[in-house]
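So that you can tell them apart, the chains are marked A, B and C in the order they are listed, and the count of residues begins at 1 in each.
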């Protein structure tokens, strides 16, 4: 239970720091906006075309945005050696990861939900009727991005060329998340919307696999 | 900060080795530091002082050897000489509260002094964390600025927050890595007074120092490291002067 | 030295003779024609590549738990050798696919998995080159390798479910099942020869990495003095 309590305290810290500056959220929202707008020039966004390509490029822009947004996650802890202070203070370092990946999932979900209306307008896709289902897909997908993303940001923070390293490590690994999220989103945006439970289950499975991996190996990621 | 709040502990370094790749940061360092000793580590940059302190704090894992904490030997003056460590007094590292002051401040610039301290107090499972935070802020003389974000602080004030953070858990063992860095003369005097009270209360202090100062004058023992090995170790005042002075570098 | 040259020579002779067998001893496949011959190399290389990546995963796990530099050396050697084999697989595949399927590439589960696997281990090697400190490099790349390997079944199944509407290209019923005996002999020999090549390359690369680690240590030692 100390794990959950520590996680809650740390999550509070992450949220407080972010909402004080809102640096991460604003830049990510603008980044996704730019990408979504630019993508709309690459094909004719009629409803048929949008149904075919829209979900994929939406998720691609989320993935790219995430690989940039997750960058400072552990880097921030290096400036003042606060990561050491955390390691000295919490009995189980898994709580550090849990807090960070929850915060990252929340930030991602927030920016994605903010971008949905823009996406709907630019690509003429009916988002509102299936909004709750879409949020569920966005949540499981964002969790799938944030779990390995948080782990890898601990790695890339210690590497040279870290700005390039994180996308390089993360994006190929996220192939299954991209496929599953795109398919599930696409099915919801069809003329006859369908909630694809199989893909949602797959995303949940992906999340569980990598969460377990962090639980097992997370402490090694934080070593000096 | 009363003596009652903690159990005095000594530290035993047993054949500690730390390699970074093939490079030795520490070579077979064996030391016994008795409960209540105040040890100043001297040596050039890269001599292994920081690594040794970080190993004692359990932040760095030694490549070989072990660190053990033990209870008071009861033989105050020669605590470090005897190899007395009755099993019932042996302590696992997790039982020993450690206060660590690193080169960096180890607090968040974006949070206020108060938020920082109560955050770490909560994580360390300290009851009445905000009360404890307020007490320590008063102790380090930052009560008036408690609601200011640390980013707005001067270097000296940040160091005070850093020290307050290290004292949250009533540490039995205080580890300080060049704690005087960035402090003005006034701050150094304040630090020396604070550490002096800690030492007199019976807390074990290990600190790395850079030359002689008011801080190093607190030491009851001086150890010189060179290229990762202990080259001098004394409790005699006159020898300590030679070990600590920069001329010996 | 002479011993390793001898081993390489024997292996070269073995590969050359199995290539001869594949082209002149094994009959020409009825439907695909002569282009099917590339399979002898293609499948054996794919097998070696997967064995290499499996070895890398084993070495990564072993490093995390033992922290022996040896496991790190094995990990990097296996990743590089595996990448070399998978490159051959990715080149020979389209050469076969173009005349038979009429396309160079399709996003079939096996193809995509092979491709993503190549990308993941490329990232693994890139990551290694971006971390200076040997222990840290070893630990972080080992952890990334473990994550990457866990991803393999997930990539495979996601693509399979994604592309179920596409007919699974029938490549062959696996060596042994109703295969022409002369073809089977050629397959087995080629497989043996390339497994030999895998072992030879792996051990050579491992020795090289051990030497490199030694040199790196000496250089760091010298820099400090």
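Just so it is clear, a contact is a pair of C-beta atoms (placed from the backbone, for glycine too) under 8 Å apart; a residue touches a chain by one contact, two chains touch by 3 or more.
What you are looking at is a predicted structure, and each value in this text was computed from that prediction instead of being measured.
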item: Centre-most chain, if every chain is reduced to its averaged C-alpha atoms; value: A
item: Pair with more cross-chain C-beta pairs in contact, given A-C and B-C; value: A-C
item: Geometric centre distance via CA averages, chain B-chain A, whole Å; value: 40
item: Length of the line joining the C-alpha centres of chain A and chain C, rounded to whole Å; value: 32
item: Cα-centroid distance, chain B relative to chain C, in whole angstrom; value: 51
item: Chain C, residues touching no fewer than two other chains; value: none
item: Chain A: positions in contact with at least two other chains; value: 223
item: Partner chain C, residues of chain A touching it in the complex; value: 148, 151-152, 155, 158-162, 165, 168-169, 172-173, 175-176, 179-180, 183, 198-199, 202, 205-206, 209-210, 213, 217, 220-221, 223
item: Complex interface listing, chain B residues touching chain C; value: 19-23, 46, 227
item: Chain C - residues contacting chain B, complex; value: 133-135, 213-214, 216-218, 220-221, 224
item: Parts of chain C lying in touch with chain A, wherever the complex brings them together; value: 64, 112, 116, 119-120, 123, 126-127, 130-132, 136, 139-140, 143-144, 146-148, 150-151, 154-155, 157-159, 161-162
item: For the chain B and chain A complex, residues of the former touching the latter; value: 54, 57-61, 94, 98, 100, 102-111, 115, 119-120, 122-125, 165
